């Protein structure tokens, strides 16, 4: 068995890793790190884990973690950039679920408002979107796992961008997410009575996934991409949908041609499902699974294209994708432990 | 007292009219028309109405309705176009909450897939958006009450369109609505287990409010407006938000200039509230009230503008606005019976 | 106009008082007290209040408050017991929405874990359930407004208790409440991702409304009442339902006899609605209104009775009832400002 | 591999069987029967199934089904009683998820209002609650899978009943369920706008799980059990909680003694988790899993006991338990395919 450690073990990202790895055929968790809850047992904090036995949470100890095979950082931005490098040098595979290695230095410092990771590791980190980067991930030691909105938006835009089917200055991304994306720390913005029966824009003009999306669009195209993006909180726990709109470079293209092109692009990528003509994705169709579902519509009047891309923000948008990446890095089957049918209803 | 009749009395729009008119100081309901529930009492069908006494539902009878002062059609498309004309000729004021008089003949027939109302009444009908049309509504006998998405989108776009601050071919409208907008008839799309914890696009490319928005934008501008619009079902009962994106004609304009311009435009219009800098609207801030709240953000990177426009789809998006229009038509104070503070939380 | 002050003006109870009093024909708010937000304006904290103008929040100042006619304490337990007495001595009417005057000294100290109010005021305080106490409230200077569960349970049990139709040791109360009952302070228990799609018992054996219910049952009967009560959090914002079960003293009584008896008991009490045979109440039927809806079923097999009692926890369960009490104390019509039809849907 | 057929393949129970069996190591689905959708593919009706390939739905054909090893009836009451007998005679194992074999003849006819199954099969059917009946299920050919409320209530009461710790005439069961329990057919009662933000009692005095619970309590005790039970719809999709109250036979017993006794009773039963002292179960702690979580509290004042029993109505309350039963009948490990950690949050 491959041994895994999880750092930041009390957040939603880590809980999802624990849920998924419990039945992974080749990876087992040997170390759960939580600075704030050292010595406690996961089932004491989380009654849903009753009956599942793990070692108690430990503090972050390099000597212990360097002996495992792969470490997942399910921490807020600012932790992995400091703690991951030594592990990588010690030969441990690292998957970072935070934003620490996703952006170039100046962008990170602008959008995250803190000092960036060392250049060496920014360069070494491979962006963990297997549909873009599978080959490189199979050689990577450090994986920078994408943001939830970035995964949805990139998967919805990449085939169009890669084929120059849309104009680089015409893209609008309207993102909608459930509340689990905001994490486990209570706040007025996540208080049930304030968010239930409510839809509201948030972080307008400031969401840190914007530069991430632009960066990786530019890796797939020679054009300069600047997107207009807004994010909204939706009264549901899990689920994320990006509705994206763009001007076609060739206005004669039809919905059917788009669907064909997307299916061709994602052939061999098991977690992207392109919906058939006139069937739109919905967040509930991917709940609890690692799928990203994409639906496409070319408007007959405007000739613009609309692409809808849905995923579970804790799965393909975070922990599911982290395991997909670890599978690739460790030479395992990409789908290992990730083939759950969505929970429905 | 002014006497009112309501046709289509068992739907959500009618129930909201009943709730609001109960305490209207100058209008009282004297006739509730329901073909399918003739003879029944409203409180027998709707336990929330227990203790409120009305005449039983009657069938549609011209002889009775021609004696009231104002009739509200809270019916599906296709009823008012046939039944309203005789009432208008008999001197009754009519407010139609359906789409029967909102579009020109050919657009109606394309988007509603049925024969349009007689030309004479299409011409006579005044579009019931008081912030656009107040003077005309004060003279009108037939009011075509706007669609819920159209109200939100138009209020969010009109000041920009009227001042030529955005490019006519650059507008994207991403609409999000609670489920009450889908009415009272059960269906798979409105079944709790299918819609709860779910966000999904619907009627993509086909929503009948699209031509309605374009028509009234064109009344406020000499340009040709073609908008890109998508609508989404959100797991909440009431509330509607349009997030709108456009290219500025002058990229140097700031968020503050936009806010000032919008405040100037809506001065003297009591139901539009322009949010201050960096404060975004949310559907919960207008719940149960007749307000439309608007927030604006000019993106520093793209120079495009984002406008967010929130309302309660059954209030400013339907029945609240219908009463606002009736007040104007009947020479009453515009805000009569409509000054409720939003329900919070 | 009668002048009112509200202490604790930033909580949900106070916001509901503000919403209701805005259109009260005889009471106007002249003072909003908030220690923690002194100097701020209510609309700056609460965007739903945009456009409604009030004096900024002030700190608690006796000299100011003694000049108003009535003060509402919408504060946590522990404030009114200290601050209300001087106001009462100064001739100000006081309605306390907290639990400070609801229990006898020893019960208060046991269940609230703090020192009780002075005996003199515990004795003077009139319990603000008008359906039990209307005459006394019309003479009262200090009103102890009931708890939300206590209101629902007492209204559901009083006719049976008063007529000795149920056995005193046989009562089970299963309470279910929306999250707004837990107030505005964020916590893990009220975090959207934890409470949405979740039903959970809380404060089992410890809810402070238990001794309150028993105390006022005993005022209506010579028997000793000890109830079994549990409370549950339900994923909704507003609404409270008590499902109550008891053994009948005379097992031959029918559902119809119960309904008749309850209707007789509540004749002349405008805010209690007894549902007809086989129609059960639901929290949505009272949303945003001051009604308490009651449905009754005698089980043909067990001969036990089930009583279901629904209200809006912020209305009849808190602020609506507080205004009902103030109306009585001030010699106004009991229903003044409170006749809203429930919001539906 | 063991071959399975599912009859009634388009309902929520069948979809959950499909989800679970997809990764069952020993059972594979070879036949999906749906009379109303013959010839269609499951992924065409259910987009969440995109990418999972099954034979198209077939009509019910005895010749085909008699060749599989086990057939699950996920049909409404009234189907299995007619169609299962021939399969059993043909040597096929049958698990019926409907109520057709749960009650004795007269009770079935009273509560289900239709003719009962043939006596021979009512007698042969083994009640599929493994915690009560494991040995018999290992020998059974026909399993009558319990109702969702019955599973929760019985698991919460059996240890007390079996040990005579509560009085037989003192039990109150207050049941709360999410909407998926009401199935997939749209109706006013399951329409989002009516049920969201709503808690309502339903089927009061008429729920067909009442006689089922009593029947199996009586198999575990010599006493005559008559329970008082109410059921409520809660605005969530999945999840069921029974809150149960009873008078202790020995009032000196403590919460700790109860917890010990329950842990002893369920030793060796992997899907029942008894919560520690003062920790209550919640429906979210079992979501998507086959667990039933139980918490117990002895009230210090009333000396009565409260037992809270939570499960996922589609898992341990239906399809999860059906697979648990099939595992036992087929000689497999009881937990096979069912060890998922609950989805959280």
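Just so it is clear, A, B, C and D label the chains in written order, and each chain counts residues from 1 on its own.
Keep in mind that, in the parts below, contacts are C-beta pairs under 8 Å (C-beta built on N, C-alpha and C of every residue); 3 or more make two chains touch, one makes a residue touch a chain.
Chains and their UniProt names: A, B, C, D = N-acetyl-gamma-glutamyl-phosphate reductase.
For clarity, every value in this text was computed on a predicted model and none was experimentally measured.
Participant: State which chains count as neighbours of chain A and simultaneously of chain B.
Facilitator: Touches both chain A and chain B: C, D.
Participant: Going by average Cα coordinates, which chain is farthest removed from chain B?
Facilitator: Using the mean of the C-alpha atoms as each chain's centre, the farthest one from chain B is D.
Participant: Counting C-beta pairs in contact, does A-C beat B-C or the other way around?
Facilitator: Looking at A-C and B-C side by side, B-C shows more C-beta contacts.
Participant: From the C-alpha centre of chain C to that of chain D, how far is it in Å?
Facilitator: Taking the average C-alpha coordinate of chain C and of chain D, the gap between them is 38 Å.
Participant: Using mean CA coordinates as chain centres, what's the gap between chain B and chain C in Å?
Facilitator: Centre-to-centre distance between chain B and chain C: 36 Å.
Participant: On a C-alpha centroid basis, what's the spacing between chain A and chain C, in Å?
Facilitator: Chain centroid spacing, chain A to chain C, equals 46 Å.
Participant: Scan chain B for residues touching two or more other chains and write them down.
Facilitator: Touching at least two other chains: 12, 178, 180, 193, 196-197, 235-238, 281-282, 284, 287, 345.
Participant: Can you tell me which positions in chain D touch chain B when the two form their complex?
Facilitator: On the chain D side, the touching residues are 12, 178-180, 182, 184, 186-188, 190-193, 195-197, 235-237.
Participant: If we count contacts the way the header does, which residues on chain A are in touch with chain D in the complex?
Facilitator: 12, 15, 18-19, 22-23, 46-52, 180, 196-197, 237-238, 270, 273, 275, 279, 281-282, 284-289, 291, 293, 339-345
Participant: What residues on chain D touch chain C, complex-wise?
Facilitator: Contact set of chain D toward chain C: 172, 174, 176, 178, 193-194, 196-202, 204-205, 210, 226-228, 230, 232, 234-239, 241, 243, 245, 280-284, 287, 295, 297, 299-302, 304, 306, 308, 310, 345.
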